[in-house]
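After this come two complexes, each holding subunit A, first together with subunit B and then together with subunit C.
Let's look at the complex of A and B:
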């Protein structure tokens, strides 16, 4: 039997050498391999996940836009992480200690004979040279411990000082008179906060970033901690974590961001996985269903054939899209359900083709010969009919993939896909939903479109090459 | 001839194929039409004889052969295999019958699966009937390939059908039929697709195998020369009917029926200078759907009488073991 394995290896070799003659098929295979590579190595190609929001401002431009005139000064992402040594101490009251302790800055005030307010004023200076950003935000992790008589409190305030000296107080904790830990879930402030806008005297429709960072120059970030301790024994401790301040840039990554500040490039890369999985799984399932139905129907004939073909034709003429919309509304959105549905509605043509092939093979002499020997039907199907069908099975497996990918994209575009799964169709749906079309954000719309096109094209080219190799008689027609 | 129980006994065997009616006919409630491929024929095949069936294309020879093997279910009639009612066979009994009775098809180019190699093709019957283990099967395949004179077998077993000549393929088809050691073989025009030079070899091989394997053949042919060479008894068929039945030599040398005479006079001679004489027949084969009321052959018969138009002749013994269905000898 060794020579049978040898002939199989020989067959694979001759198949590959024939594929070499089909330049377009080779191109399709190359593109497909590229896609598979991207799908496998998605986490390395794109370090940020597709569902991470707030990576930059909404609708950020791709970062390579900065080479074009008019886009050079778009705000960049600025993230300041300020720990103990970064702060410049502007004012420190007597009796107040400010030391580093386990990555936190510890501020403690011992009791005295009189009730006093003790202050710590920290400052960080940075240069801002870009256009005004729309948004900034900050995080202030802290922990307050009051081992003191009732009445003692801690108050933390944060403000931004413009080059002209105007002070905007962006955060005020108000007096904290009890023990409070906000290290894991720090106190935050955000330029989009309407109450903050109103507090600073702006309209809710203004962008705070544009109002505050409207100058190029030296800005100061100030953190003001005041501790009031009443007369008596005890201590008040405050720990400060790593203070974060960030300005959301309008330039980000390779393809910018969407309306939620998610990385579009990451979406594109991770979308490869979904599209390949949907395409291949749906194609395998649909070809399997089609094969089973086609073989049974073609081989058995008569009433079985009539019944099966009745179902096939019914499904064939069912309006699929409205049905899928109804199902996704009533059953829910799930990627695997979607794959199953795509497969369930795309096997009919293949079943009909297979049926016709099986009918002609069933009546061939070598099948009759096997029947005359007493071969059971199952044996004839597996030994004589299926081997004859292998070329059309392979071709259909490949040719059904682009249809499934396009249908998945269509469903996602109509918001019928799984919303938690990044796919190209979902990118396009988001683009439409978020108004990328009339903002003319072509870098959001064109890449997923091209990705779908090229993947479908790769499968079609490969399928055509397979067709030409496995059905050499058809070559004459081309 | 000499044995008491015939291997195959067909009694009033009929096979009608329904003609697909047009919707117009269904609406007009016209009677359903049938192709009368085999229409009421009766014959016995005795042990170790080669029973020939000859006739024009479409006269029902092949249908008869396939019906006898129950590859086609007969419309009516009775079939006996060594005294057992063949039509009552089912399940394991039918499978056992399939082992004991084999068929060799006309076209060795189509009857072998092009995707299988010779070893798998010849071994397949053993695998279907679960005979022997791997080594035993290999041995049996080698033996049967040697028996059909594909020597040495190891040169052939890994080849595929398209690498063989027509004669070699037919040998493979014969080997495939022989490997189960059958008792009865339907040979459906086994040499008609082959070259003249190979025909004799295959026919001699079949004769040799009959002696070695103690076989009984039903030999279907349209070539009377071949029939005379190989058959012990011969039946002449026309439009599903047996017109003449007797020992092959007698039927060909002293034909009674006008149709047999016409067939024999149409045999070309090997001498190219000799002209073919006038063939005593007229017209074309009538459609097997609308058969004439009286004798089937009446419209084409040069010696037709009035009675032929009205009454169908019965098969009658005119001399010992020689039967003819014709009013001329009634």
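Let's look at the complex of A and C:
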């Protein structure tokens, strides 16, 4: 047993030393190893998940664009997270208590003999030095607790003050008269909200960010909490969580963002996984089918051969791509079904080649002598025929991969792939149908296609090198 | 001669039976995959997608009956095969128009685009391949091999997208979609010019993706022949390279070349799904894609049938030509 392992290691070693002579094969192997590395370590290489939306504004430029003139002032992602100590108290009514409690800001009002309104005005100042952004949004987590007779209420408002002193009220909770917890699901406001645009006196087609942040300078974010308490016993408590305010940048990551604000670089990185998996699995399945059909057909001959080859020819004559499209429409949304489908339609040529090869071996002396001493078919197939086939199996395993990768990319490009799995074909589909072309976003369009091409190329080069090493019969006389 | 002729007839007769059997089994496979698999295995009713949900049950039944969807599967299949062979392709689920007349609307565009592309691919591919093989081992040969392998690794739609981005969007030399401007120009000369301008990008895409592989195929074909013993003999006889090529090699590569041409031909009718879709070309390929995504099976099945039938017919003709020029085939 040890000697078999040793000879195998020797065979691999001699194969590798031969591969060293094939420069292009080595290149293919190197590129392939790089892709496998990227696929395995995708979660560590890509900064965010591939399906996370709203990471920056839609159609953001890659962040390295900021070194080019004309792009240096594009809005950056600004995310403010404001908790108790960040706020500056501008106004605090007497009798209103404002303290920090368990990472929340607590506002407490105890009612007295008369009904009163007590206010708390918080302010945060920040400097905005970029071009006007298109979009901003905010989250206001709060919790209201009214231990009181009917009639008390709390009202929370949020506004943005421009350097010129104009005040835009972007959020108004309206009076809240009962207990309400919005810590987990905070109240939000968003510059894309049409009712907000209308409320502030703009047209629904305006970008609110451009209108409000049209100046460079000191902006103020104000949070205004007013508590009306009726007379009597009791108290009103309001807790504020970490208030979030963000401006969506037009510069993001290595390759910018797509129409939903997803990171394109992460999509590119994660796309490696699907392509590699589809390519390799489909290749293994199709070579297996082709091998079984080819060996049985070639070895058995006669009626078995005719039936199997008739079926093979049927598939060969059937136009694969249109049929694949038509079937993918109803089963393609599942990645594994899609792989199986690709494999089921791509084994025929290999089966035919295998059959021809097996037929030539079947009639050779050593097979005939094995049969003469009464060896069973299974034994002859596994002992005498399959070892002869090993080189062409290896070569085909590699050579079938590019076709499967290209087919998967094509199906994804036609939007027939699994929508939950990031793939290069789908990136290109999105680029085509979400307006990347009209915006000249070449950094969105070019990388996925090149990624497909180089992966396919790596397999082709490796396959050619394998072919040259393992298949000396094809060394052509010149 | 008479013996040879009898051999030919017998050979072609046997071939015809084989080919017709393959067409029938291919049709069966398509029917199984497109009609039986979605409806009986996955529970998807194609009529669900084109019937107005506001219709009453009786109205639905009536429409289903019009399309023959109420009959049993076996009778649907028999009707389907019979009608295909009599040239009746049924009615589109969506437009309710005969598939045939819709096909005729799109056919000229597809024949124009794919016909030009196929002819140019074959001519340029042949020339490049033969030059490569006659200069084998040189830098030219190596660059042909290299670029063919490189192009073969590109997804076809990506080549189209890149051309679209560069020449359609950045340079604005060519229109980005469509077959003709709207409204179509009245002047016939301008009309043709406009059509050609629309056709340029899809045509270039088809050529880029097609020529490399074909040239490489031709090159390798010649190369394997040049390694044969009869070439050695011919050279030993003192024939020059040109005579060896024309009198000996060309005859032997003719059969596989005719075969591959026969396989190219049906594409002229059935179109190029990907390229036509990328460039919104009003042709059969894009129609097939749209029909497939809309579960419009009469259209899908008709186009697939045309493709299979044409493949079989053109291969049959190829067989005939090969048998005529190469006696070894029919005597085998």
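Criterion: the second predicted complex is superposed on the first by the 467 of 478 C-alpha atoms of A that agree within 3 Å, B and C clash if a C-alpha of one lies under 4 Å from a C-alpha of the other, contacts with A are read in each partner's own complex, and residues count from 1 in each chain.
Here is the rule we go by: contacts are C-beta pairs under 8 Å (C-beta built on N, C-alpha and C of every residue); 3 or more make two chains touch, one makes a residue touch a chain.
Remember, it's a predicted structure, so these values are computed and weren't measured experimentally.
K.L.:
Identify the partner contact of A:364: answer first if only subunit B is touched, second if only subunit C is, both if each is, neither if none is.
P.N.:
Only subunit B; A:364 stays clear of subunit C.
K.L.:
What is the contact status of A:406 with respect to subunit B (first) and subunit C (second): first, second, both, or neither?
P.N.:
Second partner only.
K.L.:
Once the structures are superposed on A, label A:460 by its partner contacts, choosing first (subunit B), second (subunit C), both or neither.
P.N.:
Touch partner of A:460: subunit C, not subunit B.
K.L.:
Between subunit B (first) and subunit C (second), which, if any, makes contact with A:384: first, second, both or neither?
P.N.:
Touch status of A:384: first partner only.
K.L.:
First (subunit B), second (subunit C), both or neither: which does A:284 touch?
P.N.:
After superposition on chain A, A:284 lies in contact with neither partner.
K.L.:
In the superposed arrangement, which partner chain does A:438 touch: subunit B (first), subunit C (second), both, or neither?
P.N.:
So A:438 only meets subunit C here.
K.L.:
Looking at A:373 after the superposition, I want to know if it touches subunit B, subunit C, both of them or none. Which is it: first, second, both, neither?
P.N.:
first
K.L.:
Which partner, once the models are overlaid, touches more of subunit A's residues, subunit C or subunit B?
P.N.:
C
K.L.:
Hey, which residues of subunit B end up touching subunit A in the complex?
P.N.:
Listed in rising order, the residues of subunit B that touch subunit A are 69, 71, 94-95, 97-99, 102-103, 105, 107, 110-115, 117, 124-125, 128-129, 158, 173, 176, 180.
K.L.:
What residues on subunit A touch subunit B, complex-wise?
P.N.:
Result: residues 3-4, 7, 364-366, 368-376, 379, 383-384, 387-388 of subunit A touch subunit B.
K.L.:
How about subunit A: which of its residues touch subunit C in the complex?
P.N.:
Listed in rising order, the residues are 310-311, 313-315, 317-319, 321-323, 325-327, 329-331, 402, 406, 409-410, 413-414, 416, 425, 428, 431-432, 437-438, 440, 442, 445-446, 449, 452-454, 456-457, 460-461, 464, 476-478.
K.L.:
If we count contacts the way the header does, which residues on subunit C are in touch with subunit A in the complex?
P.N.:
Touching subunit A from subunit C are residues 21-23, 25-26, 29-30, 33-34, 37-38, 42, 44, 136-137, 149-150, 152-158, 161-162, 164-165, 168-170, 176, 223-224, 226-227, 270, 273-274, 277-278, 288-289, 292-293, 295, 300, 303-304, 307-308, 311-312.
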